[in-house]
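Quick heads-up: structures coming right below.
Same chain, two partners: subunit A is paired with subunit B first, then with subunit C.
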Partner chain A sequence: MQVEKFYYDNRIVKQFAFATILWGVVGMLAGLLIAVQIYLPAANFGLPFTTFGRVRPVHTNAVIFAFVGNGMFMGVYYSLQRLCKARMFNDTLSKIHFWGWQLIIVLAAVTLLAGYTSGKEYAELEWPIDILIALIWIVFGINMFGTIIKRRESHLYVAIWFFIATWITVTMLHVVNSFELPFSWLKSYSFYAGVQDALVQWWYGHNAVAFFLTTPYLGVMYYFLPKAANRPVYSYRLSIIHFWALIFLYIWAGPHHLLYTALPDWAQSLGTVFSIMLIAPSWGGMLNGLFTLRGAWDKVREDPILKFMVVAITCYGMSTFEGPMLSIKSVNAITHFTDWTIAHVHVGALGWNGFLTFGILYWIIPRIFNTPLYSKKLATNHFWIGTIGIILYVIPMYWAGFTQALMWKQFTEEGTLKFQFLETVTHIIPMYITRSIGGALYLSGVFIMVYNLIKTVKAGSLVADEAAEAPALEAHVETHSKQYWHRWIEARPIQMLLFSLVAVAIGGILELVPTFLIKSNIPTIAAVKPYTPLELQGRDIYVREGCYLCHSQMVRPFRDEVARYGEYSKAGEFVYDHPFQWGSKRTGPDLARVGGKYPNSWHFNHMQDPQSMSPGSIMPSYIWLYKNKIDTAITPAKIRAMITLGVPYPKGYDLQANADLMNQAKEIQENLKSEKLETPANAEIVALIAYLQRVGTDIKNAPKPTVAALSN
Partner chain B sequence: MSVIIILLLASISVAALFLVAFLWSVKTGQYNDEMSPPMRMLLDSVPAKENTEPSKVESN
Partner chain C sequence: MKFIHYLETITGVDIFGLSSLTIFFTFFVGMTIWVMTSDKKSLDKINHLPLDN
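Presenting the complex of A and B:
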């Protein structure tokens, strides 16, 4: 058999590794800033682009798509070449992939800080960037599948299956969730409205956790853990079984993010059942990883790389146990909207993704630079500081979440709510402070790693093209005839997968989306009317400033929530909400029924200086809304976009919209003047007040069926 | 809730793809050998003569 000589591309691995480190530091710095802002509102600096609502999406996007994203590509580009015994399919595609992804990250950071956001958590990027992501992702796909096709090893190691599943599913999720109608070069409205938007978003959101943060990292674990321990995986059969079980179950778990909302009950139950079933494959992966080290725990004691991996896998086990538990309705009733969720995701992000990435970096860098690691001791110190950081981060957050949830639900003996919302916030501020200390420790560990790796890189020199040799795979390249049928399929399964995916996705979705969705936007509650132009502008400011990151708009049908906020939310109330703004966290109170609750003057003063209206509040000031003018030039385009999406404005309303907008703004201006508050009618704050006064009020105008219904 | 139909369609088609991939992998004998793949991935296919890697071969 002919032995072929070829070279692994280590330069691209190096590039992704360096990008991982850089964006990791940036993302974690953003995280530390917002963690401090939570208890120190002055740290928002009174500037739009340093305020929590804009920095928080930068933190989540940077950590998920920049840090873990580049980490995933680093792991894939290193392991895939070696598992396939082939250089990456095409060096140019590798370069386009790398630089394209970095461009996306920079564009994302700039646009998010500038306030261009789609308003959907973890999918905040606007439409031009969404398109760019799709293109670069396809480049990655071609490069990956090309390498798989020209491999010199007929068996696909289990890690490769994880990479394939990642690519296919993320493609689908991104396409379906990013349906949006642009009305300017950087802004669009979600194609879906209200409940539908929420369902699509969390179907995406959960699967993003599954197929961006989990499956690629499991694949990477199955390569680097055996390599680092120098022993085969505990059970190869288990790895295969848990892979297939995991990907078949994960897709259905999304609705557990919407328990007790307006989503149909059967869909909620489906989500819960599949979430609970997920324990089995998830723990299959965790146990397989830990058992791989059976009889080798002495190595773990000495090797910081294995230490990182062991804690990473343990954290994976903990968060995948916790996830199913949080999907049980009665548990979710307590934990949802609290800091428990924040603790849960950080066990995954800091522990599983972060620690696995660090372990891999410590393993890869010395190898591609052909030199030993500069200091094992510093790496061990990094490990311990990071571990203590995780503990100091998550325990206060679990504590805070549980405490706050119980305080929210506490009634006095007289049957009234025991605590004001603000009391439940100030009570947990010590936990917020401890959390930021934990995060700072974790980040300082990362700085130790940066120093250690810089020293390592300087001591060595990059082996850009690493020589390797392997026999060619039995010839299947030029033989179309006289081959067994399965040989033909074996050479082309990937193309078949891709073509059928593209066909099904494009054909089915493009045809169905418009017809289905617009028809179903017919309101079920007659009193629910479209937003006025001023309210629409105000709503877009609400989205721009990221209000949904701290305020939910979804009153669940619980005694305490109805007592605190008002009538629970109905699906029919959200039919004109593009995008939905239900939120997932109540750092501040729910706003679903805020309309009409306070006078305009209260909002005016509150947005300027929240502490003046609610002493002890942790909300930042939004002073720029008082100077910025409403962008009326774009009102007609917004109305036209809404009409296209099926919102029933009268024909030609786009031309009249600005006149109505100014009339309503002047009314609010007059009303504020009567309370001695001066503002130009076209200030953004006026639009925001108009929106806030409208939220959740429509059903109050509905014809009251019976008097009994009002007794609450 | 008609959007559920789209999500089901998308989810089922991806699940169907995975099913095809799974059947393919079983039929082509990807899983006939469970012993050598986990061992093989531990070996680096470095050319014997110009092995510049710091030796990390251990007896196991």
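Presenting the complex of A and C:
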């Protein structure tokens, strides 16, 4: 029982804390910009790298992976060392982890603004960065498991299981969703197509929420809430039950993003059922957190940190009740593609992730700088401003979502649609304005925090290495009066890791494998053919500009949607779509059947100045598409990549592709000329027009001339 | 995406659902029994780990 002296590494905690704050500000500023752009199209500034379609992924990646990511690492590095009674496994790995992660963030911001995107939400980063993410994540894993293995405390506290589950599941999700075939140094195509791509994407996307935004934060909640309240968590038994239930059930919930789409019905039902079951373990976490404060609510009145944590946990509960409700098909029929989804996201993001991060920052910074918080009053002000900010954000979005959905579905007495799409948008502009005020308030609360923490840091000095001592772990773990199997696994982190992997893998395998292996899941439609080279180039421009962020491509089998857009979307139409572009939001109308609806000249004018074709439109202008030339040098590589992925272009077609591309482009150029519109044949706008005119047309037409050219 | 072993039909696929339900059910019944019968003192000790440090 020899007592060993060692030091906790606080420097790495400080670094992650500062990074959390920096990227939080950056990410929220990006969010404010895009919120304003929605009602003020001029705020797109007419430049490709400031346009909504490119800034929105910067916002989401910054707040999720940069803000919450660094926040997670801050919380893990602080708590893990102390729960293990051991310094982090390796200081060099800590440094590589920290700087590697920040490098990823910077690369992400630069490449996303430059238009290098995979076109899949929350997984936009292209393949070189995906590889870097995997490497840094492995460094984090080695550091974390190394610390756990050399721990001086045999029991693994519940927070650590959440960290373990986070690590293994994020690894699995990232690897599977990042299967992409590069065709250039910075661009690739998703391995998956159409329905399969959608299912993998949202298996990933929802579990990014579960295992990046939820489980690591539940883990840090289980550490920092007891610390802040100075009392133990309400029920350890409950934490065990809800942990295993959560990690098992969450994985299945992905299809709730795809209800009433072309995803096979059995997969949709699984997503719904498991999402509803998920209320139980999620609320287990919430109740465990809130009940921890039973008998101590007077402390919450005095302490801003506890205020942040209580609201965070409450928002977690609200979000995890609302989510399952949104997963019910009849509710989803109304909410999908509307701002209700955005409201739901931001209850969780601003309330749960944001507020818990702030609470932890206010707790950690004074401690590692060995000085009291500069101003409890300012922290309390931050709390109230932030809370009002959340309310002003979320309520207008609920209103907007519900209103827009009802307006979309409204018919006149004669049986025609009552509202044009654009009317439903202009009607909710006041809500968009209010939302941006809410967001600005939330951000100003963050600025107050920055000021408060800077003053705190200046008044103190970093305890870079915090002295501690604990007896070394005995060779044999002490036994208790009752042997039980969870004690067995708690002392064995590797087995915990493997069992967690099994638990999360089951859901993925059982949902994904049948979709992939069963031919009849994706009924093939004979008339559906691959995109022509020009259309493929156009599609890639569509992805690059982030069009899918405002425009869906998925007509649902509802009367109002069929009336407004045309025939509902069939699974077989998307078999060559690498990546799928079904979209999640209709800030603009659905485009699944836009092919052939408008003449080329309409698209030409609309992309240049949307308000000229649609008065009152909030769409930004895309004037650079008229000067940019199509990158024809890369056409052969694109075709070869598609052939590898199974798209049935004729063998050797990559050599022929550019000729066909120019022929089709000249046709469009001639057609535009006949309407007095001049453009070089190889302008990017021509490719985009070609793509848009093709979307959704295959199922209604006999083979078009361009397809006959393909089979030459 | 090209796979080698396409199944031609969906018949019999309910084995996936049945097996997952069985795994899930067995696991959770087992875990609940353990949770109900475990030793309170050691649980309290673990619960206090963040506070002792």
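Definition applied: the second predicted complex is superposed on the first by the 654 of 712 C-alpha atoms of A that agree within 3 Å, B and C clash if a C-alpha of one lies under 4 Å from a C-alpha of the other, contacts with A are read in each partner's own complex, and residues count from 1 in each chain.
By definition in this document, a residue touches a chain if its C-beta (ideal position, glycine included) is under 8 Å from a C-beta of that chain, and two chains touch if they have at least 3 such contacts.
Being a predicted model, the structure only gives us computed values, none of them experimental.
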item	value
Which of subunit B and subunit C A:Lys85 touches, first, second, both or neither	both
Partner chain in contact with A:Lys5 - subunit B first, subunit C second, else both or neither	first
First, second, both or neither for A:Leu112, with subunit B first and subunit C second	neither
Partner chain(s) touched by A:Leu645 [first = subunit B, second = subunit C, both, neither]	second
Which of subunit B and subunit C A:Ile365 touches, first, second, both or neither	neither
Subunit B versus subunit C as contact partner of A:Val463, first or second or both or neither	first
Which superposed partner A:Met172 touches (first subunit B, second subunit C, both, neither)	first
Subunit B or subunit C, by number of subunit A residues touched	B
Which superposed partner A:Val26 touches (first subunit B, second subunit C, both, neither)	neither
Partner chain in contact with A:Tyr157 - subunit B first, subunit C second, else both or neither	both
Residues of subunit A that lie at the interface with subunit B and also at the interface with subunit C	82-83, 85, 153, 155, 157-158, 192, 196, 223, 226-227, 230-233, 236-237, 240, 244, 248, 468, 486, 490, 513, 516-517, 519-520
Subunit B to subunit A touching residues, read off their complex	1-7, 9-11, 13-15, 17-18, 20-22, 24-25, 27-28, 30-31, 33-42, 44-47, 50, 52-54, 56, 58, 60
Touching residues (chain side subunit A, partner subunit C) in the complex	79, 82-83, 85, 153, 155, 157-159, 191-193, 196, 222-223, 226-227, 230-233, 236-237, 240-241, 244-245, 248, 468, 480-482, 484-487, 490, 506-507, 510, 513-514, 516-521, 645-646
Subunit B-touching residues of subunit A, taken from the complex the two chains share	5, 82-83, 85, 153, 155-158, 161, 164-165, 168-169, 172, 176, 192, 195-196, 199-200, 203, 223, 226-227, 230-233, 236-237, 240, 244, 247-248, 251-252, 263-264, 267, 367, 370, 372, 463, 466-470, 486, 489-490, 493, 496-497, 500-501, 504-505, 508-509, 512-513, 516-517, 519-520
Subunit C residues within the subunit A interface of the complex	1-3, 5-10, 13, 16-17, 19-20, 23-24, 27-28, 31-32, 34-39, 41-51, 53
